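Two complexes come next, and they have one chain in common, chain A, joined by chain B in the first and chain C in the second.
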Partner chain A sequence: MNALPNALPSATRHQYFSFARIGAIASNTLLELIRLKVFYFILIFALVMISSSFFLVKLSFQAQFQVLKDVALGAMSIFTWLLAVLSTAMLLPKDIEDRTLYTILAKPVPRFEYLLGKLLGVLLLLFVALSLMSVLFVVVLYAKQQSAIAELTAHAAPGAMSAQMSAQIQDILSQTFTWNLVPGIIFIYLKAALCASLTLLLSTFASSTIFTIMVSVVLYIIGHVQPIARDYIMHNTQGASPAMIIYLSLISLLIPDLTAFSLVDDIAAGTAISTILFVKTAGMGAVYIVVYFLVGYFVFWAKEL
Partner chain B sequence: MNRRRIIAVLMLLAFGAARLPFEQKLAVDLRAAHFHGARLDLDMREQIGQMAFLAALSGFRALVADGLFLHAYTAWENVEWGRVKLDYDAVTALQPRCELFWQTAAWQMAYNASAAAINDRKQPREALRLKAQREYFKLGEDYLLRGIANNPEKPTIYNDLGMLYREKLQDHCKAAEIYRRYMKIPGALTYGERFSVYELAQCPGHEREAYEKLVELYNRGENEHLPTLLKWISTLQDKLNIPADKRINIPPPSVPPAKP
Partner chain C sequence: MSTPAISIQNLTKEYSVPFRRERVTAVKDLSLTVEPGQVYGLLGPNGSGKSTTMKIVLGLVPPTSGKTEIFGRDSVEVDSREDVGFLPENPYFYKYLTGEETLHFYGKLCGLKGAKLRDRARELLRLVGLEEAADRRLGGYSKGMLQRIGLAQAMVQEPRLLVLDEPTAGVDPAGSREIRDLILDFKKRGITVLLCSHLLGQVQEICDRIGILHRGVLIREGRLDDLISIENQTEIILENASPELLGEIQALIAKTPARVLDQRKPHTTLERYFLDVTGSQ
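After this line comes the complex of A and B, so read on.
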């Protein structure tokens, strides 16, 4: 029996793990999602950005930049998360409904590769969407910055370039786009990727798209209060009932701490993140994504389709 | 199949147990690096409402803070000082790392609301108007002090507090101290050193120390020979009875001293 595979010509030998197959599934997933016209939300994002930049003209330059950054990064955060949850939740049910899943799995494609390809397709979609929004954000911020500088120099005496004015221009430059914002955008991506991985895990358990979306939204909200439960069980269990301890422990153990990735608000307010802290947080995000994917695969492996 | 699901949940629990200490340590590190300083408690929920509180809890607190910031702006236009203060209390609690919010809150209280209080035509008693004005100065001071506590590495709030002590509260000793601290922070503008010394010159009991610092500044060269510096050297030389041979010869100003 063992001699049979070796007797086959190498060209027809089946590989148990193939990046090419995963790439094919991922690119197909990305194309499918793009065909669903999900990128229309970019238009909404553009409208939010441009309208808020006009709406804020009454405020000082500093306030305009601060609000514009907060609105843009907040909108990026909301849209990326929504995209992650909605597109991941429908992946498996849609493939089952279209019978695509059976066609793929009838071929020598392991379920691991199928699931990984699907997740990578969503992660690619999130990357493209966030990149587009970031470019739009930078363009609007740059336009606003240039108009602020032009207005400032227009009010100056002709030919005068006082130290005070150069300090004001420097102030404007430091309050618009700085490289410190990049880690914030990376954390938006990581948080959305984590939510996608968690949603994929849920969809391996769930039987309907609506259920998966609902549970994902609830987990997203609980994920932001998880540190309160964790702090409580780690430091302050005196006087708590056993039922309360079990309940809070389950929340702490099963639900990810999403506040660890909600750093963009503070980063937009001028808080810089150190490299070591960035690596630690991003590393934790990557571990979450991998573990949720592997547990999802564990369930999907034996799932009756 | 059910057995597999149970195993999956157990795997998640095991992963949770393994990550919990790391997660806790990371949370402590992030707080030490000035992240997640927002106060989200029951008082805040009452202040901003259920929906805004839920949004703030769900990771969109900057957006909620901006909404309240714009609301405070409208309240200012409508001259509702109580509403302005309530909104800024919430804004600064939600986004304590944004120096702009602390600065604007302090400016609204110490400059705008205080001016409205002293010019309040509905209050005929001047003593009460002065008391109200003083209270608004103190509210401005409180915002700036809390702003510094949350943003100790940002120089602009120290500068604003120094200006408040100098111009509104007329507490020159505190102004001198704040400007001295301001100068220790990277990014502080050089005039802070001069202001610190000018304020020290007006701080009772510190005239000698101020004079020595003024002379030190003077000796740095022509660039430092500003009208206000020369005025204070001249004033302190007279006040401290500096012997004629040790005095810096300052010609009387031909024009009134300009602001530095």
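After this line comes the complex of A and C, so read on.
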């Protein structure tokens, strides 16, 4: 019982912003989600990838690669979004319900750091999950590419390598791995990160996890259909009332056009993404992540625990 | 004169009721001071405002009016929490962390790191008797073990003030005794303790001073001995007194205006009896 020294005034000077504290909360959040076994969904992704590659054997090589990329990027987008929403929605309510939040905020931890740590933990999780899915995707794509080349050379006469066959092999190589896969995956990440930030904002004032998830899903859908409404207004301003125009403009401002991040079709088709479009879309994503987080912080700052 | 560990001045807290104009007053014009080294018991029935007062002291809830300070620093400021350790009622820490990981996590939040943090965690695990359970996840801890790891996390940054909300709620008598001994040990070391408890017997054993809250108002406050002693009565406990001696004392008393109200053998407490019986098995 002699382990404790006598009570003395605190010798440490409080830091108003500490990366160490944020890092502790972020790594703990990542650990929480990992130990909740959220990565099991990657097995489902693997199943989708492997099974879809088997079902494509009857198609031409070009069509096989296109569909494979389409399925993989689509699945990556949905899985990362689901992971973002489901894991973020439960973080705050669980800490409040279990009173763990009290023990953390009773330490010299500002609410800003707590919330930022939580968000960074989820962003780390999304990064790890998307990296794993990308590796799996690349492995399946590479295996498919090699089997396509092997099949092509098997049908050729031994020792003969015609110019036509070289062109076909080159065609296969260029159709499988293209540089625009990278911005495509970055956009999937940004979209999921944006949804995580939005879900965190919702959870600062929502009364339950289910409510947070439902509203987040509804906003995700609105984010995908709002460009249609926007186009409609732009082309039919005479038919819409001013109130309707203001209302839809406000929605467009509050919820970004999530279809801007869906470049799967372009990537699968091999269309190059321009640098301007990339910077513009990535910038929009980053701004919305920061804005949602800051609004969430102000709500959380005023929240009576 | 030293700075009070806790200073509460004219504290009032009102909550708004959703969809209603009226407001509920949880704490009304509360003023009290806890001096360094004291064990202060805040008592009151459910809904009397104890938890709200504690939350305001810890800066978790802002006051409607009034001010609270911890060692002279406003509770609203984050840095005031450098000197405070808090154990909430029925805490559920992160179940996926082991005992040692839990202390590392809370230590990092207080700016500890490296060898100092590891040594401190081991020290605290030894102090609360959880060395053997250090590598077990909290999901497998009993209620008493959770309270003890809770006390350890509250002590991680060596605070001068501990705020404990029902620290022995739901814990068996042996565990409850251990926690009480720990609090007494903190007291010996000069650590100030603000304790909220429904277990009045326990409060009586360890607190120097108490305050009784009722409907948000502090209705009694003072040194425990002053509040509960009966001024016109005296208690003498004798050991090995013969019947002759008792007779003489009775005769002596009969010559004075004083009268004997009760004469009986003192009882041990049920807790002590229970611990003696279960400890000998």
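Everything that follows uses one rule, which is that the second predicted complex is superposed on the first by the 282 of 305 C-alpha atoms of A that agree within 3 Å, B and C clash if a C-alpha of one lies under 4 Å from a C-alpha of the other, contacts with A are read in each partner's own complex, and residues count from 1 in each chain.
Methods note: a contact is a pair of C-beta atoms (placed from the backbone, for glycine too) under 8 Å apart; a residue touches a chain by one contact, two chains touch by 3 or more.
This is a predicted model, so every value here is computed, not measured.
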Query: Which partner does A:Ser77 contact after superposing on A: first (chain B), second (chain C), both, neither?
result: first
Query: So, does A:Arg99 touch the first partner chain B, the second partner chain C, both, or neither?
result: second
- prompt: Of the partners chain B and chain C, which touch A:Glu304 in the superposed model: first, second, both, neither?
  reply: both
- prompt: Looking at the overlay, what does A:Arg35 touch: chain B (first), chain C (second), both, or neither?
  reply: second
Query: Of the partners chain B and chain C, which touch A:Arg21 in the superposed model: first, second, both, neither?
result: second
- request: Classify the contacts of A:Thr259 with the two partner chains as first (chain B alone), second (chain C alone), both, or neither.
  value: first
- prompt: Per the overlay, which chain contacts more chain A residues, chain B or chain C?
  reply: B
- prompt: Once the shared chain is lined up, is A:Pro227 touching chain B (first), chain C (second), both, or neither of them?
  reply: first
Task: Examine A:Ala143 and indicate which partner it touches, taking first as chain B and second as chain C; both and neither are also allowed.
output: neither
Task: Classify the contacts of A:Ile210 with the two partner chains as first (chain B alone), second (chain C alone), both, or neither.
output: neither
- prompt: Considering each complex separately, which residues of chain A are in contact with chain B in the first and with chain C in the second?
  reply: 304
Query: Considering the complex alone, what residue numbers of chain B touch chain A?
result: 1, 4-5, 7-9, 11-13, 15-17, 19-20, 22-24, 26-27, 29-30, 33-37, 54, 57-63, 65-66, 69-70, 73, 95, 97-100, 104, 154, 189
Query: Which residues of chain C touch chain A in the complex?
result: 15, 36-37, 55, 58-62, 71, 78-79, 81-94, 96-97, 105-106, 108-111, 113, 123-124, 126-127, 150, 153-155, 157-160, 163, 185-186, 189-192
Statement: As the complex stands, chain A meets chain B at residues 58-59, 62-63, 66-67, 70-71, 73-74, 77-78, 167, 191, 205, 220-221, 224-225, 227, 230-231, 234, 250, 252-254, 257-260, 262-266, 268-271, 273-274, 277, 280-281, 284, 287, 291, 295, 298-299, 302-304
Task: State the interface residues of chain A toward chain C in the complex, per the touch definition above.
output: 1, 3-10, 12, 14-16, 18, 20-21, 23-25, 28, 31-32, 35-36, 98-100, 102-110, 304-305
